[in-house]
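Which chain is which? They are A, B, C, D and E, in the order written, and residues in each are numbered from 1.
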Amino acid sequence: MQELINRTKELLADGTVARVLGWRRGDLPTNPEPAYFNDGESLSEFVYNGFCGANLSKYMIEASELDGRTLVFLKPCDTYSFNQLLKENRVDREKAYIIGVGCKGKISEASLNAIGIKNVIDVKGAELTDACDTLTIETLTGNTTCAYRDAMLERCHVCRGKEYVVYDELIGDSADTVDGDRFDEVRKIEAMSPEERFAFFKAELSKCIRCNACRNVCPACSCRKCVFDSTKFDSAQKANSDSFEEKMFHIIRAFHVAGRCTDCGECSRVCPQGIPLHLLNRKFIKDINTLYGDFCAGESAEGATPLTSFTFGDAEPGTV
Amino acid sequence: MNKSDLLAEQIREISGVNPKKCMKCGKCSATCPSFDKMDIKPHQFVSYVDNDDIEPLTKSKSLWHCLSCFACVERCPRGVKPGKLIDAARQIAERQRGGDYLTPDEIPELFDEDTPQQLIVSAFRRYRK
Amino acid sequence: MKYSYYPGCTLKSKATALDKYARASAAALGIELEEIDEWQCCGGVYPLGSDEIATKLASVRNLAAARDRGQELVTLCSACHHVLKRVNDDMRNVDDIRTRANNYMQLETPYAGETKVLHFLEVLRDVIGFDELKKKVVNPLTGKRIGAYYGCLLLRPGKLMAFDDPENPTIMEDFIRAIGAEPVVYPYRNECCGGYISLKEKERSKYLCLDITGSAKGWGAQMLITACPLCLYNINKAAGDVLPVYYFTELLAEALGVKEAADNE
Amino acid sequence: MPMNDNAEFRPKIVAFCCNWCSYAGADLAGSSRLTYPADVKIIKVPCSCRVNPMFILRAFEKGADGVIMCGCHPGDCHYSTGNYYARRRMTLLFSMLDYIGVEHGRTRVEWVSAAEGVKFSATMNEFVEKIKSLGKNVRLGDLRCRS
Amino acid sequence: MQRIGVFVCHCGSNIAATVDVKKVTETALMEPGVVHAEDYQYMCSEAGQAKIAAAIAEKNLTGIVVCSCSPRMHETTFRTCAERAGINPYMVEIANIREHCSWIHKDVEEATKKAVILMRAAVAKVNLNTPLKPGESRVTKRALVIGGGIAGIQTALDIADAGYEVDIVEKTPSIGGRMSQLDKTFPTLDCSACILTPKMVEAAAHDKINIYTYSEVEQVSGFVGDFTVDIRKKARSVDMNKCTGCGLCQEKCPSKKTPSEFNRGLNTRTAIYTPFAQAIPNVPVIDREACIKFKTGKCGLCSKVCAAGAIDYEQKDEIITRKYGAIVVATGFDVIKLDKYDEYAYSQSRDVITSLELERIMNAAGPTKGHLQRLSDGREPKNIVFVQCVGSRCADERGKSYCSKICCMYTAKHAMLIRDKYPDVNVTVFYIDVRTPGKNFDEFYRRAVEEYGVNYIKGQVGKVCPEPDGSLTVYASDLLDNKQLRMSADMVVLAAAIEPSASVRQIATMLTASIDTNNFLTEAHPKLRPVESPTAGVFLSGVCQGPKDIPETVAQAGAAAVKAIGLLAKDKLMTNPCTAKADELMCNGCSQCANVCPYGAISYETRLVMGPGVRENRRVAVVNNALCQGCGACTVTCPSGAMDLQGFSNRQIIAEVDAICR
């Protein structure tokens, strides 16, 4: 972390960048939040640790409108989002100075909760200075430990790798964290009966409170005006509880980002209701890979997406 | 599916060849170095498989005369690879009992002092299971 | 420059000439050929069937050994080269074969086609360069008219072997030029000598070899060169009286002035 | 009025037809007097690529029991390529509906040329039968965020 | 709020027998926005239309719904009627209660119910309709033809004869194209030059045709009716106005070693050259790569011998910028390179040649003065083998997947001509299929076999081996006899596949005209619009669209000309108003829509966007109404819905959905 701060100070001092987009300590040790830093002093607030799961790419849309270059820290998976935004002309490459930061897998309080560690006060071992395999967690009910791996976000267990698809310089090493196949969950659902699938999604989607956290965090959901807020489809929010978007919001959202979603997993990470929203996106990714050939959004900043291209021999609807 | 269809399916699978792609130009047979020795010619192998007529192929002399020189594979304008079909038929023949074309006791008389190991090994690989 | 080296069975017995002259020449050119440990016979022919796994395992072991040494794998014999290159391609690109082969082998690190397989001629062309080779020749074979005999295995299937143009190759001709001799191009240089069929069908092989040597001689060749022990054997047996045939490494050693030393080793 | 449980289920079916092929195919079915149930109501769009997945979901939300989209055969699109895009979009959308447990068969795509009046009518007959066998669409109506 | 009138047609008994039209009319009055409803026996009749016009006037209607037959039948009728009565034609919608209702349903109650729903959907849509105005764009009365072969020449002549100015841009120093390289033409065997040269002369002399040879299209902007094109006129180094075409410069030029492009490299030409004797214009060019003066600064011989003082070493490339209403692409073809097919020994023996090379050999003005001879030793061949489908119908990347179409016929022609002139030469043709669908084509082929004794063998050639004695050994299959043949020949002629000229990719990109995987230009519709590109105002002539022989090329050239004339004849273009439109306040500028637009109608501009709380420069999508054909592909690609289709807007379609599902 100190290395990041030192380098950042240099870049601020020599005028290469006008500001820094990073993470700062939040109200709890487990929720650092994205933040701008405008000078060396403010960097005292800067953190980079295992809890910094937040993908900063989307903030670069607004940063691209500001004067001067913005230094942004991107983890390997975040660079795909940035690249995708680049492809869609939403960010300005010239306005970004990208430091690719090492990532050893990101952890979350929700993951701790899921393994039975609740009421977290503080966590030691998430600083990433050394290879830290064990977390020591201070809770209201005393100290406990767990393996770093067990506190990792789902997306890190199926991490796409350590490659940065776009960057200016790299600091820090990344670790292999993969121990699962990212389509396993999708396959599991596909194997269920239609009734089970329906029950599963009904149960999950019923939890939605339409807080729009998923939409706000999603780097692919960057429309100036969301279709669900617009009058163009008569689909804008109304008081009525069974209005169109209440039911179809998540399907349409997944469809709108199909072929553009980099599977960054932020939607599931931020959902306050814990809905596994990534399962919808991954279904599209899996279908696209199977039907139209492997495609990885954000891998390239050029070319058409699977939904803006075709082949003469594509599968027929309803046959798959 | 009857036996012949099954065998045809098996040949298509082992060889990875789609006989439907053949446009019957005969280029494979045009330069086959073993053409004269073959009772069923390379281009005919493709039609036989396409017609699910496999029995004659597994009994064909051609199996033991194909050199696997890939001339037909290289020159085929349709990517049909007749040589791979012949090899697949050979596999099927050899996997059946008594299908071997070479036995170890034949070797001494076929051998001379310069015979490279490679020859014996290759012949064994191609001529028996 | 260090390479893993796979000699293959015949080079340790009937084709020692192919092997020893290559080693001597390699040393003279500053290339270290390190024989991989406990290499196994590649099987001589590439098993074409998509369900053939067991017959490919020996090649996978050889390939994995080179991978574990972190080196590219150099071969000399056309047949070994053909088999190793194609099995390697299977391991890299055919999911089914890779999965099944790795399941059988239980290697410490599964093998997925990481090794690059090179023929010694490719090393001469792409690493050393024929122009450089020419500079190192001390004993040019001036005046010799040599026909390159490629046979089938080095060139085909062209897309997979990616060795040279399968219908109009130039690598051996360029090699012949580099050692100071004159290449003779003749149309049968990429036609088959009969291969393993000569074991039971000597007459057929003879017929083919006579076409090859007859054509080469007609175009003015005084000798043939080859990279394959089986081609050499078949041509020698069937048509040795028409044209002599040598391993390309023997002429290379001669041109580099290391042949005698190699013979005396 | 008391609900009559024995009344025959009459599904609501929306058919999106492209102007150049399928709408003309439906016209041909009409002029050839090839009947199909009145449950099918056609909406004309310029091309199958104009059909937004939101239209289909909207139809279900408003109580449709089945939605079918018809367009020119691949390769015959009036706009050259429109139906190729439509094909990908619908393939993915239908797969997603299936994934979330909506009955397979409530959605369908059929390529109908202007000459295929017979096909148009046969397709609609078939589709109505299918929807009748599936019964009323409850699931899409039920898949709401607040239970 | 709209004031909508609903008009229900009985269509005699066609509708009224099954649909209770009165009920539909009554129900209509309860729909939102509907202020008038009436039924009539034949709405499309003059009396019916008069009723509509009267209602518009009386009730001050703003929108019309006609419940009648299919819109494909009478939409235009009712729209025109509405326009005459003073409302925008796009405020009219049709509810199809005949083809989609009365004709297919028998039960009156059921049919009436459905008719009501269809009426409601139409009313719901009209409630959201907005007046649309077709755009207008002007038409520049001049056409550009790219390519000066027979296709381009014919197109230019036809357009010019109709009275419009035409410019031909030709890359090489002369017009004439491939046809000028041919000796005779099938199936009539008339001499190619004899029929082509008069056309070339006619084009050159035509007062409406302007020919730019040795020139290339550099840049294209604009759209149908109003293209702006930059043409690079390469420096000829010879003053076109002064040169008399005497040819002395070419006689004296000491640089004689450049392979002749016209003769397919079979002989050489000088550095200052005209490609062939009948070249138009008959003004040479200096090939600066080959010219000694340009390479070393010394020589200047041509300048010394030119009495007219036409040689100008200082000449520079010139860019001409011109406006055109229509562009015709006629870029033609080339034969494929055969370096990947060396089993046929093309690069190993001079006696293995392509059919186009044979044309030059057979041509009296060719390198052998028309004498059939081997290029290696000048001997007359005794045995000639023709190989068909070299690189055509290939599934691999060596060749082309398509049939080149012309080879079967020109091979029959070659075989016949050879047998005619040299009766003791044996001619063998190896074929896979002989394809002769054309007027007098099969008869022609049969003549080659029956009257001229050409030996046709079904089977492909596998390898050609040059022998030390100069002969060629041909290995081939005889499939009908199930034999492998080993045949000795003196000459082998390869029917190499044809492919679109290499330049076509660049031209297609400039024109935003689409090309297929084989680089052939795509037609707007494969059956119904075969000579138009999907890009409005761009037309296709000749082989650039697909393999063709001369009569087909000329026919298509004429068709392309007619299409171009049809466009040029208009003073203004009315554009379809149902085009896509981007809401710039919502547009993300993500370019996704442009990816799916088949017409290249969407571009991006950075412009000042103003709206509530917004005033900034943004990259936004802009639809060119002249190019957009209104398919709507972009609207679905757009996630925010910023892109919408006028006349079929998201809200309109959703209103219809809602009305049907109500």
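One rule holds in what follows: a residue touches a chain if its C-beta (ideal position, glycine included) is under 8 Å from a C-beta of that chain, and two chains touch if they have at least 3 such contacts.
Because the structure is predicted, anything quoted here is derived from the model rather than measured.
Asks: Spelling it out: a chain qualifies if it touches chain B and also touches chain E; which chains qualify?
Replies: Joint contacts, listed by label: C.
Asks: By Cα centroids, which chain is closest to the centre of the whole protein?
Replies: It is chain E that sits nearest the middle.
Asks: Looking at chain pairs A-D and C-E, which one is connected by more C-beta pairs in contact?
Replies: Of A-D and C-E, it is A-D that has more C-beta pairs in contact.
Asks: If we define chain centres by averaging CA atoms, which chain lands farthest from chain D? Would you check?
Replies: C
Asks: What is the chain whose Cα centroid lies farthest from the Cα centroid of chain B?
Replies: A
Asks: Per the centroid of Cα atoms for each chain, what is the distance between chain C and chain E, given in Å?
Replies: 51
Asks: Mind checking the centre-to-centre distance between chain B and chain C? Centres are C-alpha means, answer in whole Å.
Replies: Those two chain centres are 25 Å apart.
Asks: Starting from the mean Cα coordinates of chain C and chain D, work out the distance between those two points in Å.
Replies: Averaging C-alpha atoms per chain gives centres 63 Å apart.
Asks: Two or more other chains touching the same residue: where does that happen in chain A?
Replies: If we look for residues of chain A contacting two or more partner chains, we find 227, 233, 307-308.
Asks: Provide the list of chain E residues touching at least two other chains, using ranges where the numbers run on.
Replies: In chain E, 343, 463, 596, 637, 650, 654 touch at least two other chains.
Asks: Could you list which residues of chain C touch at least two other chains?
Replies: Residue numbers touching two or more other chains: 167.
Asks: Let me make sure I understand the interfaces: which chain pairs count as touching?
Replies: Result of the pairwise touch check is A-D, A-E, B-C, B-E, C-E, D-E.
Asks: Which of the residues in chain C come into contact with chain E in the complex?
Replies: Chain C reaches chain E through residues 165, 167-168, 185, 187-188, 215, 218-220.
Asks: Report the residues of chain E in contact with chain A in the complex, numbered from low to high.
Replies: The touching residues are 583, 585-592, 595-596, 604, 616, 619, 637, 639-642, 644, 649-651, 654-655.
Asks: Going by the contact rule set out above, which residues of chain E touch chain C in the complex?
Replies: 339-343, 345, 347-348, 463-469, 473
Asks: Enumerate the contact residues on chain B facing chain E in the complex.
Replies: Result: residues 21, 23-32, 35-36, 41, 43-44, 71, 75, 77-79 of chain B touch chain E.
Asks: State the interface residues of chain E toward chain B in the complex, per the touch definition above.
Replies: Per the touch definition, chain E meets chain B at residues 343, 389, 393-396, 398-399, 432, 458-463, 475-479, 482, 484-485.
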